[in-house]
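Look at the two complexes coming up: subunit A is in both, with subunit B in one and subunit C in the other.
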Partner chain A sequence: MSINVRGVTKAFGDFVALDNVDLEIPAGKLVALLGPSGSGKTTLLRIIAGLEFADAGTIAFDGADISQRSPGERQVGFVFQHYALFRHMTVFENIAFGLRVRPRSSRPSEERIRAKVEELLRLIQLRNQASRYPSQLSGGQRQRVALARALAVEPSVLLLDEPFGALDAKVRLELRRWLRNLHDEVHITSIFVTHDQEEALEVADHVAVMNRGKIEQIGAPDDVYNHPATSFVFNFLGSVNLFHGRIEEGTTYIHQTATDHLVFVRPHSLEISRRLPDHPNHFRATTKHINAAGPLVKVEAVTEWGAPVQVEMSQERFRDLSLIKGEEVFVVPTELAVFRSSEGTPVARA
Partner chain B sequence: MAEAITWGEARPNRQPATVPRTGATSEPAGVRWLLIGTAAAFLAVFLFLPLAVVFSTALEKGAFAYFKTFADPDTLSAIRLTLLAAGISVPLNVAFGIAAAWVIGKFEFFGKSLLITLIDLPFSVSPVVAGLVFVLLFGLQGLFGPWLIAHGVRIIFAIPGIVLVTIFVTFPFVARELLPTIQAQGNDEEEAALTLGANGWKTFWRVTLPNVKWALLYGVILCNARAMGEFGAVSVVSGHIRGLTDTMPLHIEFLYNDYQFVPAFAVASLLALLALVTLVAKSIVEWRTQS
Partner chain C sequence: MALALRQRSILPGFGLTLGFSVLYLSLIVLIPLSVTFWKASTLGWGSFWHIVTAARAIASYEVTFGCSLVAAVVNLFFGVLTAWVLVRYTFPLKRLFDSLVDLPFALPTAVAGIALTSIYAPNGWLGRPLLALGVHAAYTRLGIVIALTFIGLPFVVRTVQPVLEDLDSELEEAAASLGAGRWQTFGRVLLPTILPAALTGFALAFARAVGEYGSVIFIAGNMPMRTEITPLLIVTKLEQYDYAGATAIAVAMLVVSFAMLLAINLLQKWSGSRLGREELEVLPIG
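Moving on to the complex of A and B:
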């Protein structure tokens, strides 16, 4: 089922959580709403679920306006950050809840409910825990139960609010791969909210980057990462070095003093050399700290005008250079993005 | 220093070897026993002793005299009235308490803190004043009194008045017990139930109520204990018509003032017994809540 958000605005007192948001989600896709806290992503998800109502704008499922429907009528599955399992019910009863509360006319028989719950317990690999209570489960297990509970009602849309936010790093990684696999199997239109860019880029078909109640950019993960539409997106996705720049005859030069252009360079797009580079766009820097643990060597340096800069290089390159701490080197940006500092809109790329 | 302070039988020099201290916040054995001893002595003097006196006086003329008290129609009437007042006020306060705690715990609205203050009012107002307020409202010279008498409704010096003041003095109990629990639990589970297709009614019965059931039961027990034991407010509105508007506490007072010590303490023992049953029930609930 496709989801169509049009002109949705929501304010809490003076705080504008959503500012005229449009969002189109094609059927069967897994979309991440990515943004810092307070960017409005959870509010948007809750409005789609019907847990919150928009001040203006409409939500449509498959073209039909459902803005005025209750959460139950929308047939959405919602997974909460803190699981929100029914604490006085067993795992089995939690999963069965959505089927048991249906009106008598549409309620499945006891055997059908049992079969459905068994099937979901198999799916989440918790068949032996059916009679346990939520308090007896680990965080990862609880979130899987919450997911099974949401899936039991066969929702047309699955909404997940920071589903892995409360879990530790390893469980988080496992569970998000599991979610990706699950989605590849059932193909239910899904939206999940996260502030973790790595999670969004790894799991989602599309990533919508949100900031201050607006969607800054939506696209495939590699598209959003490699072609950020705004300075905010560039900054938010991965680490970045920020410089001032000036443009002369189509070429961008990194500049020491403030200009009206901002130059963004990823740490891996900076190259260190000992010889004076041929490229006119370069600057001098002194290495301050070298971290050679891990696949990439991370070098922290200070530019000739005293600003910190981060450079990443392969272990191989590091060995060839045999770089040491406190050395003065030349730095050349191999790839950069320029944005107008006042608006954050892109200017040029080199 | 350790040698200088020796509490009763405690032997500080040997204690550390036999009773290892369990943590930074634990106290030396001497201090512990002093505190426990003080509490136990206090309880013995102020709780156990009076209770023992009640039962021993009630039984001092033998079991026959004790049970004869309960054959007296006035005593039976007092017991019935007490049960009736509690039987009406407790369910009403359960309904009110759940509604109030729900509204305060789940929603933000104008005048919320005023409502909380009003719920606490019966705790802060003397029961005698509470009784007088009802006399001023419904009594013969009261605000609604003449109109009610004209329509044949008697509230003051009759059973409705007793029920009304009982409701008044007991209405904070259920709401006050439920409120912290409801507030602590937040809205997550209700929201989950709503997205799973449950309507408001089913969400309330299947999610909200089961989550607060122990707090609710605790509130009911306290409410019931107070409803049965209330003296001041009931005394003002009752009119002390024996066999008609005397509750158990009022009846006990009458018997005592009439030098009928055995019957007075027999009825008192029954009331104390009810209190003991309530306390046991409360302990069981507390034990269940913790486990």
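Moving on to the complex of A and C:
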């Protein structure tokens, strides 16, 4: 089912959580709402679910306006960050809840409910935990139960609010791959909210980056990552070095004094060398700290004008350079993006 | 078999705190209670049984335990309702209303008894219209129930209130998104969550009502066989210098109270264990 958000605005007192937001989600896609806390992403999700009501604007499912319907009537599955499982019910009863509360006329028979729950337990790989209580499960297991509970009512839309936010790093990684696989199997239109850019880029078909109640950019993960539309998106998706710059005859120069152009360079787009580079756009820096643990070597340095700069290089390159702490080196950006500092709109890429 | 009383813990003072607790409990609770049993045992089994099964005594147990149970049930409903209103809604003078709930704790029970009697007496504010409807409030068992409800009111409110405050609104939202109506959400999600706390409050209100004396004697009328409560029967025996008889009835009352509280405690433990958390202990007072 496609979702159509049009002109949605929501304020809590003086704070504008959503400012005239438009969002189009094609049927069957898995979309991430990515943004820092306070960007309005959870509010948007809750408005789509009907747990919150917009001050202005409409929500349509498959073209039909559902803005005034109650959450139960919208047929959405909602998964909460802190699971919100019913503590006094077993795993089985939690999953069966949505089926048991249906009016008598549309309620499935006991055998049908049993079969449905068994099927979902198989899907979440918790078949032998059916009679346990939520308090006896791990965080990852609880979140899977919450997901099965939401899926039991066969929703037309699945909404997940920071579904992996309360889990530790390893379980998080495992569960998000599992969610991706699950989505490939059931193809239900899904939206999940996250503040973790890595998670959004890895799992989603489309990523909508939100900031201050507005959607800054929406697109495929590689598109959003490689062609950020605004300085905010560039800044938010991965770590970045920020410089001032000036443009002369089509070439961008990194500059130490304030200008009206901001130059963004990712740490892996900076190259360190000992010889004076041929490229005119370079600067000198002194290495301060080297972290060689992990697939990439992370070097922290200080530029000739005293600003910190992050550089990432491969282990191989690091060995060839045999870089040491406190050494003066040349730094050349291999790839950069320039934004006008006042508006955050892109100017040039090199 | 070695019983490990001393567990390794980073918190110091196990010996000191346990020792002090035992001493304190002994001086204040255990020694006085055992003296009661010892005093009653001077009677011999035959006369003990005769005293505690006397028709007047049996009737007083019925009044005390029956009225306490009814009062505790009433408090269970109204207590949950009051706690709900205090937690869920904001209204003018809410703080004042909230503090009023504790008043039955602070008020001397005799004052409560006199106030309730003057209001519910046949010529009182509420007693007169009730009488017109054919309801005799004061000097009947209904009067006793009213007094016991009054003094037990804070217990359920104060045990349920914190649980309701802690209740995550996400639970209700989850139920709503799964298609449950308001009543289904209340009955299937909220009620089971607050049940252990409500049972604790129920047990406390019941225990308090069983031991209540001051407020009841004014409104009860104290007719032997009909509206005489067991604590009053004990006092009557004491006034007649029948110390052994008084303690015999006290022992019977203690045993019954203890058995009932134990049963409520087990029920509460059972409902609490399903929530996967430590259950609150029920302490008999009153």
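Note that the second predicted complex is superposed on the first by the 350 of 350 C-alpha atoms of A that agree within 3 Å, B and C clash if a C-alpha of one lies under 4 Å from a C-alpha of the other, contacts with A are read in each partner's own complex, and residues count from 1 in each chain.
We take it that a residue touches a chain if its C-beta (ideal position, glycine included) is under 8 Å from a C-beta of that chain, and two chains touch if they have at least 3 such contacts.
Bear in mind the structure is a predicted one, so any value in this text is a computation, not a measurement.
A.B. asks: Mind checking subunit B and subunit C on superposed subunit A, clash or fit?
C.D. replies: clash
A.B. asks: A:Trp305 contacts which: subunit B (first), subunit C (second), both, neither?
C.D. replies: In the superposition, A:Trp305 contacts neither subunit B nor subunit C.
A.B. asks: Where does A:His88 make contact in the superposed view: on subunit B (first), on subunit C (second), on both, or on neither?
C.D. replies: both
A.B. asks: Output check: A:Gly72 vs subunit B and subunit C. Expected answer is one of first, second, both, neither. What do you get?
C.D. replies: So A:Gly72 meets both subunit B and subunit C here.
A.B. asks: Please indicate which partner A:Pro134 is in contact with in the superposed arrangement: first for subunit B, second for subunit C, both, or neither.
C.D. replies: After superposition on chain A, A:Pro134 lies in contact with subunit C alone.
A.B. asks: Quick one: is A:Ala49 in contact with subunit B, with subunit C, with both, or with neither? Answer first, second, both or neither.
C.D. replies: both
A.B. asks: Looking at the overlay, what does A:Trp178 touch: subunit B (first), subunit C (second), both, or neither?
C.D. replies: neither
A.B. asks: Would you tell me the residues on subunit A in contact with subunit B in one complex that are also in contact with subunit C in the other?
C.D. replies: 49-51, 70-72, 76-78, 80, 82, 84-88, 97-98, 101-102, 149-150, 152-153
A.B. asks: Can you list the subunit C residues touching subunit A in their complex?
C.D. replies: Where subunit C meets subunit A, its residues are 168, 170-171, 173-181, 184, 188-189, 192-193, 274-277.
A.B. asks: In their shared complex, at which residues does subunit A touch subunit C?
C.D. replies: The contact residues of subunit A facing subunit C are 49-51, 70-72, 76-78, 80, 82, 84-88, 97-98, 101-102, 133-136, 149-150, 152-153.
A.B. asks: Flag every residue of subunit A that touches subunit B in the complex, lowest number first.
C.D. replies: Within the complex, subunit A touches subunit B at residues 49-51, 70-72, 75-78, 80, 82, 84-88, 97-98, 101-102, 146, 149-150, 152-153.
A.B. asks: Which part of subunit B faces subunit A closely enough to touch in the complex?
C.D. replies: For this pair, the touching residues of subunit B are 188-189, 191-199, 202, 206-207, 210-211.
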